[in-house]
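After this come two complexes, each holding chain A, first together with chain B and then together with chain C.
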Partner chain A sequence: MGVAYVSPWKVPAGQNVQQNIEELHNSIEQLGAIKTGLFTVECESYHAVNVANSKTLHLIHSTEYPASRFACFEDGPSIVSDVMLPSFLSKLRSVWQPRKGGRIESKGHRYELGDFVLKTGIISMGPSTKGISLEVEYTPCVYPCDCWGIITELLKGFVGENMATNMPTLILEKSKEIYTPDITMQQYVELFSNMRKSNYTPIVCVK
Partner chain B sequence: IMVDAADYQPLSGDAPVIANMQEFFLQGSVLDTCVDKIHERLQGLCDNVSPEAFTDHERTYVMRNTTSNMPITVKACQSLVDKSAVPWQIKYMGNTDVGDRTKSAMIRSSVSVAVSKDPSEFLEDLGFVLQFEVILKGYFYRKGRLKITVAKLSGSIDPNKHEAGNMSHLIEVSALASPLDESAGDEVRIFSQFLRPIVFLDKVDVRRLQ
Partner chain C sequence: MADTINQAKLTISCIAQAITSTQQLRSTVTNVFNLLCEGVKPDEDHDGRGRDRKKFLQKFQEHLQAVNKDYNEVEKYCNSMIPTPELQVLGPLSHLSLDSNTDKKNTFRDAVQTYEWNQRMHEYAQIASSILLSHQLKRSQSSGGAILAKRRRALPPKFQNMSSQHVENTLQLLARQPADLTFKLIKTLGDTRILQVTVGRVFTVILMLRNLLMEKVLVKGLDEELYYENGTIDLFSESQFECMRRITDHAMTAVLQYSTTHATQPEIPLKYFLLWLQSYKNLFIDPCSICGKHLDGGLPPVWRDFRNPVACHDTCRP
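Entry: the complex of A and B
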């Protein structure tokens, strides 16, 4: 467990998600990374019925942390819990209910490259594909401020020199504190929210 | 390299077996003067492990909802004995079903979740309002799936002051089981009878007390 950075992967015009993720896999494998399995990050969003402008509660599960559940409010407190949280929330179903179409997930491959763990996932909402996510985790270090340089350096290796190198606000706020996995999950939530908002032309996933 | 598929569906297919458990329980209280007798008897009756001392800070939150006039009750619990080793817990407490004469024990549904930090802010964002808080200090025994607590309740949350106040201990015998498992209720009742005549544990209809 170290510091992780989650970013969207832009699909160039004229290419579909499937072709693009294969290209991404190729460039990761060319760096010498080894495939070590699959991963899924799932996010289910809840809202309070009968409450005007209700806050949204996100419940996240990642196969990387199979015994934990992550819950966070949009720009609010986040909490890590054990696997009982979904059944706890189902007891509150007279107030808190899953949002329609509020389920979004990123599913894909997990790679290891020395001290790095890379995860490339296809983000999908129901049957429609929204885009690609890329997570880079540097495992030996827990302080973001100390390893941001090496993370961006690795990314430049296959993104190219023109990638943005600013720390995302979520990490920047706590860059001198010990990094915890719930920050990774908040990055996924932020990414998922952006994917929902942006006018991505949904591509029907061919399975 | 062979790649194993992630063969479970988190959030949906992976619900633990204990997801829909009910708590069968009986309660009673004894005067402080009799509490030593209770401890002696429990040590004889329960599994042969030394009783566990606990001091818990328990906050009770409620949320009113529009669809039912019964509020939703949740407890947030923190152990004051070893704050760093034991995580905070949030516990959903269903409405107590006293049942008729044929039922051995009171039943309520219960879901406990261990959480990483003080859940107050999280619960407030969910819409819960703090109702009251208490300190429970006492001992915890077990016998098979039965859980027996003997604890002193104190409304003062200053741990140094809570010796004062009421003069009795609360005793609760409970078991978690599937709602269809009537035998759990019988087990609770039979065990409670062993504590007679020091204490009579019985079903209490809280609604009638109010």
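Entry: the complex of A and C
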């Protein structure tokens, strides 16, 4: 497990998501990356019953960690548990209930380039497509502050020189600590939350 | 055999030159006969017969001199040719050269070329063997014949007879010196020690030492497993990361380099190697000193020179 950066990919006006993701795949393959399979990140949101202004609990399942489930509170702590967590939550139906329309997922292809793992997914909520997600993971390094330069240099290879190079707040807070997979899941939670908002502008811009 | 082939090549060139000079001789002899056939021609400008005869004789003399010169040339080439015993030396293979189908099939030519390559390989092997034998440090325990075995018994490898206390003290001293390196002695099996060296926040190195002689290096990522499930150390599985596998290769080269060039004192190669490892502390931070970029084919600058260890891509090496 290395350091991962998750970002939305802006779909230009006049193009649909499918066309745009194919262009993105071409750009990644031109760098020399090899397609190594598929991936899915699913997020199910729960809210506390009978508690005013309660924080939303997001339950995440990623195919990269098939034996784990990540439970993240919005802007709060997160825990990593085993696959029994959803059944446990269903037993607590009187306290935690699934939110209506709270299921969102990102599904797509997984690429490998040297020690990099690149994941491009189409974010969809029910039947509607929300956008494109891009995850760049650099596997040999475990400290985000050390390999941020490497990650941004790779991104500039297919995003363009005008890409924002600031470290996201979620990574910045723990940039000098050992990176853990739950930070990636928190980035997905943030991305999914932003995607739900209609007037959201992605960080990564296309050339 | 190689000499025979070279001699044959020389003879062939001699034959070619002899043929040319024979043709030349034939042409000059023809000139002589033509002159004799034509006989004495009356001079158009001068009527004196004595003068014509003189001129004819002078011409005849010139032609004969040319014949003599060409004949000497042919004789010289014939004398320089030595009968070559190549066919006998090549043995049954030489009969291939007599085959009328040789021009169609290149078997004989290929066989001769193969022989030449084989000969060259023998020469290189002899040179390499003499270089290896002249070297003081013996890294290999493989038997190299009775003479080598005898020599090994007479001259035991260096740094073998060290007290355990001396090795321990030296390791403790070395562990204090380089910053950014964390040492951990994992196991001691007689003279063999397994050290775990962590380089900054970059990677972990498993170093196998026999007394102070480095025998194996394995570079692994910080989050990779170093032990088997039963708790024993894994000395053979390569790293799952490509950049760590490259660094392992470079580290083995560095071990050989420092062990052979700085073999005057037992601790010097190890000290130099640790200083070289220290140069990897900013592996993911420093860009390549040549091209100024972080990545080359998805890999960071993994190469470090043995004298001046600065960050450099494999492909950007000066």
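General remarks:
As a working rule, the second predicted complex is superposed on the first by the 198 of 207 C-alpha atoms of A that agree within 3 Å, B and C clash if a C-alpha of one lies under 4 Å from a C-alpha of the other, contacts with A are read in each partner's own complex, and residues count from 1 in each chain.
Following the convention adopted for this analysis, a residue touches a chain if its C-beta (ideal position, glycine included) is under 8 Å from a C-beta of that chain, and two chains touch if they have at least 3 such contacts.
None of the values given here were measured: they were computed from a predicted structure.
Look at A:C141: by the touch rule set out above, it reaches chain C but stays clear of chain B.
When the two structures are aligned on the shared chain, A:R93 is found in touch with neither chain B nor chain C. Legend: residue contacts after superposition of the two complexes on their common chain; A:K10 is shown touching neither chain B nor chain C. In the superposed model, B is the one of chain B and chain C that contacts more residues of chain A. Once the two complexes are laid over each other on the shared chain, residue contacts for A:S81 go to chain B alone; chain C is not touched. Touching chain A in their complex are the following residues of chain C: 201-203, 221-223, 240-244, 284-285, 287, 293-295, 297-300. The part of chain A that touches chain C in the complex is made up of residues 1-2, 31-32, 113-116, 138-143, 146-147, 149-150, 153-154, 157, 178. Chain B makes touch with chain A in their complex at residues 1, 3-6, 10-11, 14-16, 18-20, 63, 65-68, 72, 90, 92, 94, 109, 111-117, 119, 121-122, 125-127. Those residues of chain A whose C-beta lies close enough to touch chain B in the complex are 34-40, 42, 44, 48, 50-51, 55, 57, 59, 61-63, 66, 71, 73, 76-77, 79-88, 91-92, 94-96, 109, 182.
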